[in-house]
């Protein structure tokens, strides 16, 4: 018996993979108007957080004679308790919130993914130890501990705040990644990779990680929503010492010293950061819709 | 269905919030509990009510005591005719004795050993004729405020609290009152025993309220307490409202909300922004103002450059526009502070003569003077920025505390003023007061906010400046001084200062105030004010004002501006004197 | 019960006429089955074979009028005796017909029972859904049926799905389909996930209950061996068309369509010359790649000519009871040893 | 060369809230796989076939017996030393859908092990792409079309070919095919079977073929040995064709009887048996494992467990007290009327 | 189900849980004691800022000092652990000597009432909406439902609390705020009292429900979507099972995985919803904890943390158990 070349495949037009990859991503992002909107919002805030604060000095101009002024051509969103421009405060304050979320997100995802991957992949003792650590992180009550931590350790900079949020917030991701890893582990391609003798690093990074990416990304975005809530919440509660203007501080000031709930004058001051938070989260949620397709080549192509 | 709406229906329900005793859900109904649900002047009664008269600490409104007088070392107190408990039984010697004893287990135990110059120093209570009782001072006592101490004690019912104290209670008290240094050990042991009793007392939760005050607790909710008028109160006829509702609050903004809805008949001061004030006033609330013996200041760590130079501190005092800061920080409850004297404005006026006070530098806002002083201190100005003598740029971090929203707001303005004058300033916040104090004691800050001029006594005021935080510890009328790190001295002011050509030690001067009558105290107070104005250990930004709101929708006849002694007291005290009558 | 399987003129219980089903993919509709005409005679087992994606399941579902989004029946009719036009029934009537007159059996490994309810309760649910008054009687009948299939009736009715093996589940699937006295039984790949032993047992049972209940049975599979063992008639599907349809024995012995012939040759057998087996060239078309004009099989066909590109062959009877859709000569196809296109060995 | 001596694997499972359960997945399995040879294992579902395959590729461990690869007992080696042995044994997975990483292109899927191999052998990685193309051609795929694609863009048959090509990247000496064609469309199966057979003859790669489908085993195992497993135990073994034509163990006979007859082309064998009752979970403690289902069992069968014995001086071995050759498979008939 | 195996499994899990509780409790103990500042000093300054004279403030603070342990931290830890083993949570500092267990017990109902009922309501609403969204997912309406749920779920809880309060209390005056019940109604198991508690709980419960139902809905939606793809659903359709019964099939199968989440959520509930309780001035555990942190009430803090920890650990165990009870595939 001889081998018959069984196929006469039609030759497809050769397109470079890279071009196709980006075209696929573009297609995914533009498939629904919501995603475009989400992306635009996120890009807008990123730009605002990156370049906005460069436009204004840290100490915004104050004007004791124009406290809680209504919106005007000069002050687009009115002024705050010290007569500073609310719009400027909003721009200056965006950096802290965004940077914190970014740092916390990177940290939580990094740690959570690493722990979940290693635990799921190695099983045995390493798994037990890592999962106990994860259980520990999941068991400690997050917000209360944050409150305590913020008192022990002043989170002056977004870096510190982000790190702490990340430290408290990686457990969920680790658990999700682990259970996903466990199920992927039984898949043929992983068994194949192992019996081919590919290194563990290769397996973890090249084989597992891309398959986990949608889960990680999904969890990351969910985590970001909770980070926004936690951090702005801490400022709102007035627990975290704030060094500079940020949205949480603005809400806190508006409610607790501006009387925004009682008086319409300070309402702008309250609403401006609230709307920004809502907008940011809307952007995240709308963008979330595209994540699955972004990471899955099969969905990406359709 | 808010309780305000019930006012009309039930007639005479007086609704308020109690700033000193916010309701603490779950805490016992016990005046000795630090968070207890007991309401001073309503169901928590005293013999008298301190008028906070700076010139006479013993000046009181009558409470359960109709009148009193010092006879030698003893205070003779005449109880009100018909001083009764809400269960109808009269207030007896037992009640008074027990209340004094309980007082010891609380505050006196902690301060009793301080040479008997302060605190409660009663060594016995005895009957002195019909309705009169004699409160004897402990031997060797030099307490000028004995009357105030006795009258200020909470009077509780012996039937309710009696079982908490041991039979030999007074022996223990006497043991704790010995001044002989050889007996220090016994004193300590006795104090410990008293503390032990105190623990039980403070944790004790009476099931039912028995009050000698105008009201008695009917019902305690997590969100409010309802007090019924005490029919057996000695002045029940004068008391207008038939019920009092004290509402719980946990933040100022809540009180604003209550008032905005017209739910309160009277409310104490809270930091209020002007826009909210407008809203509240449009609801018919009126405002009374009286003196409040607290001041918000910026304090310096005088061991740190450039604040180690008094010229720099003086210069800053000139540079700061305190009025602008007040306008943003405390527009309603504050008054721009005058010169730094260590006391609030009214106290300064009371204790210093016109000449004396006008001789003090008022530090009116004056940039030119400030720059001159800075230059004199060796600072230089280049390109609009100030540089220190060592060539580094002058950057200031202004430390503030979370939750003190007025300080935070004012800091923004101050930072702005200083920055535009060439001193780069950034406000920075501590997480809470605990953290702030600890960091302050650990000398982590150069400049920070500090409450000064606390209380109506000059000694209390100056102790804030020349006491523990400046390294001074009073022993009798002398003070020892330490500069050690970690000793609590974070101000590091000079030990000896030359004022008016005289070298004085402000710590010693402050300690001396303890045992002096008004006339002998005045020159010392003047000296201390001079020291303060010259050295500027703190820059006062504003004097707090004691603001109260009232609404005449349901009741009339509230105390008015000018009645500072009344306004500084509690609504129950007013009612016992016939204020607050239902609207006809 | 005796049934003469050789009756030539068995009446058709189910008559499918010009049935067409379209699926919408990315906004475009593609025919998954096109103009299918097929009779399921009473008392006969009709086998439906074809490669993956040829439209077998779609046809089976269409018989129940159960094509769901994004698909739809876009033309033709299905007539079932005693029920009427299935394609014209209202949703309510349709529900009443399904499970009672028309029984449907799923592939074994896929789980066709609610994992949270015991089998017995699900039988009761079925009874209630079809307004059966005598529920205990229904249970009794289910138990009997199960026992007929070699199961422990009582135990099985008290079990959850996960407590049963694939073969047992498959038999229970048949119980579900028959317990309400269905006359038409449709089995979609009933043995695909089973091993040989279970497969043989299930096939035997199907044959038995089919005969006992005098059913019209359609059995869908992609396995020539399975269908040859059990079917009386055979329909071969390719690209959504029935390309050959006739008596099983004749069709297997002498296939008249190039596709049927190639399919039989491509089946791994336990007997015969190893070397004579040949895989089909190319790959089965999927919906979007089915040629729009001409013969759907022509690209893989050894007999293709220019005619095949231009016009689509119609399914025509070339012999009583045997139909095919091919332009090539019957005799040529049957006798030619020609290898399929692309097979150069 | 692989030699297994008494391979045994027992699973003990304990659910979170359930009692312990012991499963004998493999009971003392012996076999020898010579270079370029082929061994097939057949048996019904759950008999331990996959477990054996996994043990042979080093993914699963065994708890009894010995596994010798080129004469070396691998289980005694430390993990690092073990790897090179197992690298020479590669697995072809049953399910070509899950056997390929959906997020990677075929280029990457083949490139990674090739690069690793190139590094190991000291060759540069410049030849990787060429080698990948070569391998794809070897398995009958057109490299330029396939390399840039993702797995989902390929058909089942194409995927299985890629899986085989991937196994070949590390120059294996043995391929384990666990139900390697059962998920592939009928019309394409034969192509894969032919490919595997060809690899064996052309490249001298040994094959272990694991299936429940005797017909496919016949295509690959031609010239090799066929082992019939029942509940973890090999109950019959011998040259593939001999066993198919004349099985002696009743279980083998049942299994072969169950293969459907292609009517019109075959007729049932004369001794064909009826389908078996479903597998009963409870195994007899020490009798013949098959006794409860065996149509020929007597009391003796449930008293002792038969061991594997040679049948006369043929190559066939069986574990049965009542061996009797029966012809059960279909018999081909010549197409008559055409 | 194997009873002996079950008992052993439960005991093993409880033992593991106890270890976890110990680890977390020790962690929080040391964390809490690392807080700067002392209860007395904090209280003193806060009394001063309230306008009390130094004497009065000192008198009040003296009581608090009496409850502040001066022992070294290690000794305090040993005492704490041994007290715990005796079921004693210690005495609160800021409540000057009231047992911590009593303080927590007082606050507990005010967490459980709004949050537990909020949790259950949001679970009910969320899962129902999830079914609708999944069944109608291809329609515009289903998509809008999902999107709105994710958006609302993304709003920080306190933000929503502020908005609701502003609208329904401040502006419209329809709903009460800041109290737990009508002070004039006597507490007890009377209809009036319960009604009043319910009425006053509307805003906090509504806030909780709004922010959390979206999460349930989204999980339920994806769960239903995967169940809808299960063959038994198609099978039941082809068997002519009534739509009602089929919906029940779908619902039951889809809700299974959510039950464990619900059980665990019940555990976290003991932490109170700090932000919501605070925004509504509701005297539950969350606010208690916050207060105790502010006043450096170490025993109260560790006690509150301990309760949360125990609840979460227990909830996890119960979730495990529950799953094996309600899912026949897990129980054997």
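Think of it as A, B, C, D and E in the order they're written, each chain with its own count starting at 1.
Rule of thumb we're sticking to: a residue touches a chain if its C-beta (ideal position, glycine included) is under 8 Å from a C-beta of that chain, and two chains touch if they have at least 3 such contacts.
Owing to the predicted nature of the structure, the values given are computational and were not obtained by experimental measurement.
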Intersection of contact partners for chain A and chain B:
E
For the pairs C-D and A-D, output the one whose chains share more C-beta pairs in contact.
C-D
Would you kindly tell me how far, in whole Å, the mean C-alpha position of chain E lies from that of chain D?
55
Chain B and chain D: spacing of chain centres that average the CA atoms, whole Å:
89
Could you grab the centroid distance between chain A and chain D? Build each centroid from C-alpha atoms only and quote it in angstrom.
48
From the C-alpha centre of chain A to that of chain E, how far is it in Å?
25
Which residues of chain C are in contact with two or more other chains?
274, 278-279, 283
For chain B, what residues touch not just one other chain but two or more?
251, 257, 260, 432, 434-435
Flagged in chain A as touching 2+ other chains are 1-2, 4-7, 151, 239, 255, 261-262
Over in the complex, which chain D residues touch chain A? Could you list them?
54, 57-59, 83-84, 86-87, 89-91, 93-95, 98-105, 107-108, 112-113, 116, 140-142, 144-146, 148, 150, 152-153, 157-158, 163, 166-167, 169-170, 191, 194-195, 197-198, 202
Footprint of chain D on chain A - complex, ascending
1-7, 9-12, 14-15, 17, 20, 187-189, 191-199, 202, 206-207, 210-211, 213, 295-298, 301
Quick one: in the complex, what on chain A touches chain B?
58-62, 64, 67-68, 81-84, 150-151, 154, 156, 238-244, 253, 255-259, 261-263, 265-266
Going by the contact rule at the top, pick out the chain D residues touching chain C in the complex.
44-45, 155-158, 185-191, 193-194, 212-216, 218-219, 222, 244, 254-266, 274-279, 329-332, 335-338
Residues on chain E engaged by chain A in the complex (per definition of touch)
20, 23-24, 27-28, 31-32, 34-36, 147, 150-151, 153-159, 162-163, 165-166, 170, 268, 271, 274-275, 278, 286, 289-290, 293, 301, 304-305, 308-309, 312-313, 316
